[in-house]
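Below you'll find a set of structures to go through.
Each of the two complexes below includes chain A, the first together with chain B, the second together with chain C.
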Partner chain A sequence: MSITNVASEVIGSVWKVEMSVGDTVKVGDTIMILESMKMEIPVEAPVEGTLAELKVKPEDSVDEDQVLCTIES
Partner chain B sequence: MHNRELNSEKASADDNETAGSSINEELHFRRVSALEMGGAEAIERQHANGRLTVRERFSELTDADSFREVGTLGGSGEYDENNKLVRVTPAPYVAGMARVNGRPVAIGGEDFTVRGGTTFGAARRKGGQGGFIEDLAHYYKIPLVNLIDGAGGTVTSAKRRGYVAFPGVHGFERSVQLLGEVPVVSAVLGTAAGGPAGRAILSHFSVMVRGTSQIFAAGPPVVKRSLGRDIDKEELGGAATAVDKAGTIHNAADSEEEALDQIRQFLSYMPQNVWEMPPVVPCDDPVDRCEAALRDIVPEKRTQPYSMHDLINLVVDKGPVFEIQPTNGKSVITSLARLDGRPVGIVANNPKFYSGAMDASSAHKQIRFMELCDTFHIPLVFLVDVPGFMVGLKAEQEATLREGMRAVYVAGQLTVPTLTLVIRKCYGMAGMATCNKNDIDLKLSWPSGEWGSLPVEGGVAAAFRRDIANSADPKVREKELEAELRAYASPFRTAEAFAVEEIIDPSETRPILCEYIALAEGRLKASLGPKRKAGVSP
Partner chain C sequence: MSEVEVPETLEDRLTQLRALEERARQMGGKEKLARREAAGVMNARSRIDALLDPGTFSENGLLGVSTVFDEDRERTPADGKVAGFGLIKDRMVGVVSNDFTVKGASSSTTNMKKIGHIKRTATDRGFPLIFLGESSGARMPDNMGSEGMGTMLGNDPHQYARERETPWVSAVLGQCFGSSAWYSCLADFTVMRKGGVLAVASPALASLAIGQTVEPEDLGGWKLHSEETGMVDRVVETDEEALAEIRKFLSYMPSHNGETPPISEVPEGSDEAAANIPQILPDSRKRGYDVRKIINCIVDLESFFEFKPRFGRTAVTGLARLDGGVVGVVANNPMAKAGALDVSGCEKVTRFLVMCDSFNIPIIMLVDTPGFVIGIEGEKKKAPGKIINFMTALQMCTVPKLSVIMRKSYGQAYLNMGGGRNSDSVAAWPTAEVSFMDPKYATDVVTWGRDASGAEKEAIREDMERNSTYLGLAQIFAAQSVIAPQDTRRYLIEELKIQHLRRSRGIGRHKLANWPTTF
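Moving on, here comes the complex of A and B:
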């Protein structure tokens, strides 16, 4: 069992969260969509597993490298 | 290392026949000693650390049986009281000429199994800055390959010399000169500091291995002594810092084999020197290949990104595309590719990362890449989707405006043919860094193109602030003004005014680009040689 942190690559804000804690994720699934520089930036699952924790909610500001959620696999 | 009884002085005094065989024997012995490097134990340690020996690296990188060594016998001989040779410890640097992709290169690398690859005091330096290997590249106008696995000089050399040398006793003059003459590539394959680290930077392309190589100005003991901070060498100078974050080294590889393969790939696009044309390879991908998929690749919704990597792959020759700095300055993609077999440099904004906005690191990356292509007569294709310079406090603190204007400055000095193709956005001064106004300045666009000094959104809020604030419903008024101005933003209106030279069907991108790159050939041939440097860049 390992935990993978999914971090933001950009400065921006959370626009939509597409999944809930406990959901099964596959590599490439969109977990949430950020908004940065007027562009929708999908945050995709880097690994397969279960969405263990959501650390942000819509309209939250996010920084580069900030952990957005964790995946347990 | 093996020991033996041999008296070289005596052998030369003996009769010819004996002397001949004895001398051959000595040559054989010394050659075998060189091949044994630092000995079985040191080689085992090198392997246990996940690293190849310098000679294994040469075999991995170069064409079979092509290595012609120079300085094989350089080293330290040990003699007994009768002046008989007992053993030879080879110099901690291996060098010579070899072939890569069938073409000659000068190649050298530290041998970490011998005294940790430290600088070797000899009558003439084999490698390092100002060493024989740099001279070989310079005088024969062939690429230089540095396989770096050492930390340069040590303070102990002062004891040997009897004085402390002034910085630059082995200066970088030749290393600097080579950057305007021949391709220079470096792989950092161990822990590099000092002179070897400096040479890795003075390269057109550099690569390091994740997990087994590090590079820094000064290592953990110096950091501890200077700043009182404990930090391990991987955190301080591993690929996550030196490649992904800093861009000190261009690319990272997951293994030494992959790092050496990246060098082979990079060199395959380069001419042997600035007086020659880049190599053209046979191409079986039709030049008139149209791709319907390109018509739908840009989403209708302006706030949705798309894969610029996919777009590039649909346009250029099928086969390898070599991306430089894929993990740093990610809002721009810089790749070497081919169009009908001819090398081209692709500069493409990446809408998936900050909407393709130019920040300080992507400006650096674009500048270096433009200078690389300009130096080696590789025409540039700009695939443009840039909303402008990156905004915000962090961007201002990183001097985005200055670095961005430097990109504009360098773009304006390019002498290599450039093609600008607007895919979606082309705004402001960052947009200017994708064209060369001092040249024919041919700007093509897809119908999805849009441009201006700044985007309508945000621009309206700034220009009509009072109008919006005084209206009954400011939000509605802002939208009204945006809609009014957007009507003028149609690319076809700009084409009517011939302010953009041609709007093309996206599916025809490849045939059109291939045609212009073929056309560029004559012009490139007429302008071979070193490039002039002028002015003070911002």
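Moving on, here comes the complex of A and C:
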């Protein structure tokens, strides 16, 4: 079993979270959508597994490279 | 003068020669080599073996040694730089591999002559030059004093003249100060192994000079160069990976600027991915997506080789193959700063355009940008100058340039991304929106100073949006074609046939060939 950190590629804020802890994710599934420079930036699952932890909630500010959630595979 | 006595007979001389050659191949000695091996780091000769096709290395200067001080003759095998010629995928290359186990591969008279010879031969005979960097800089005390300086450095008036006659490649495989740093900056492609350091001078010297402790990673580590300076194109974990990256890069390049890049077989399945583009492109104009997914749907399967993926991320640049031929791809990436081009993005694109044009590689631009990033930060970094460097480079490129407007193309960025006559042919997707600025801001500009109602502003904005579609471009022939996203691959393959430089057999005019290598 391994844990994968999913990090933000941009500075921005969390617009909405589309999945819940415990959900099964496939590669490319949208976990949440950030807002940066008036653009909606989807955060996609890089690996298959189960969404183990959500570290942010809507309206939180996020930094580049900040871990947003973890996936257990 | 050498103290080694040369025997009388040919047979004895040959025996002596074999012994001297064997000694030279031992480099800085077993202990130093063992320490490197234990650390998982290759040496100058094993790097060459892994880089070249097996058994093709033809060494020059094996018996070269330092002759500045007599006592150095015995302890400077190959004078610390292993040099010669060999094949990569059956094509000739010149290679200089720094041997850090011999006086830190520092530069002195004999090894500088060796570099000069390899470089001259590669340029005159038309093949790439590869520089495997790991060196400490000028040799001490050889270079000290006015006579040392006058003798060693500055005696080759073409040493740093970069006219891009042939591709140059550099690898940062350890500490790279002095010549290894300079050659990295001069190269068309630089790969760095994590743990390597690329800087003007060593952390120790920097610490001495400024009285502060300087960490190697801060001074010139992979993060600095892959994310902030952009002086490194790719970062890898091991020497082996670095050498594989060099082989891969050269597979896209012609041997010299008088020929076109090699044609490859088209992998099976390359035509199928384009059908997925409509699923990748979001319905909402506000939704970001990773443009690399779209590039991978258009080019030959798994052929996209990205440059500087962590630097200037608002733009994506890389070499790829389209129907077997090499192309340079420049794309905006809405995932970073909404695709708005910033200073780093401009520098990255400019450098890439210069390389493509110098080596007869057609350019494909995939456009989705709301414009240039504006604000104080960019202005302090000379944003207007960077934008115009990019623009000048694009207009001076003489290889075929094709532009596909996928979504947004606004203002000056419309020109920089090949809009109008800035590419040889423009195609628009039906999702294209082109204007001078985002209608939301334009509405404020045109109603400036008068008390326009919300409803009036809304009407103006809607009108502007209606006038920003692909249809306007098509009707005034500012786009030569309107294509479905899923037809982009097919369109580009056909359009490249039309735009092929028949009169010069695919060879451009290389007007950018002597541009600087760092922007």
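By our rule, the second predicted complex is superposed on the first by the 73 of 73 C-alpha atoms of A that agree within 3 Å, B and C clash if a C-alpha of one lies under 4 Å from a C-alpha of the other, contacts with A are read in each partner's own complex, and residues count from 1 in each chain.
Definition applied: a contact is a pair of C-beta atoms (placed from the backbone, for glycine too) under 8 Å apart; a residue touches a chain by one contact, two chains touch by 3 or more.
Note that the coordinates shown come from a computational prediction; the quantities given were computed from them, not determined experimentally.
Contact with neither chain B nor chain C is seen for A:19 once the two complexes are overlaid on the shared chain.
In the superposed pair of complexes, A:37 makes contact with chain B and with chain C alike.
Judged by the touch definition given at the top, the superposed model places A:54 against neither chain B nor chain C. By the touch criterion defined above, A:10 reaches both chain B and chain C.
Touching of chain A by both chain B and chain C, each in its own complex, is seen for residues 9-10, 36-41.
Taken in their complex, chain B has these residues touching chain A: 303-305, 330, 351-355, 357, 387, 390-392, 394, 455, 457-458.
Contact residues of chain A toward chain B in the complex are 9-11, 35-41, 64. Residues of chain A that touch chain C in their complex: 9-10, 33, 36-42.
By the touch rule above, chain C contacts chain A in their complex via residues 282, 284, 286-289, 313, 334-340.
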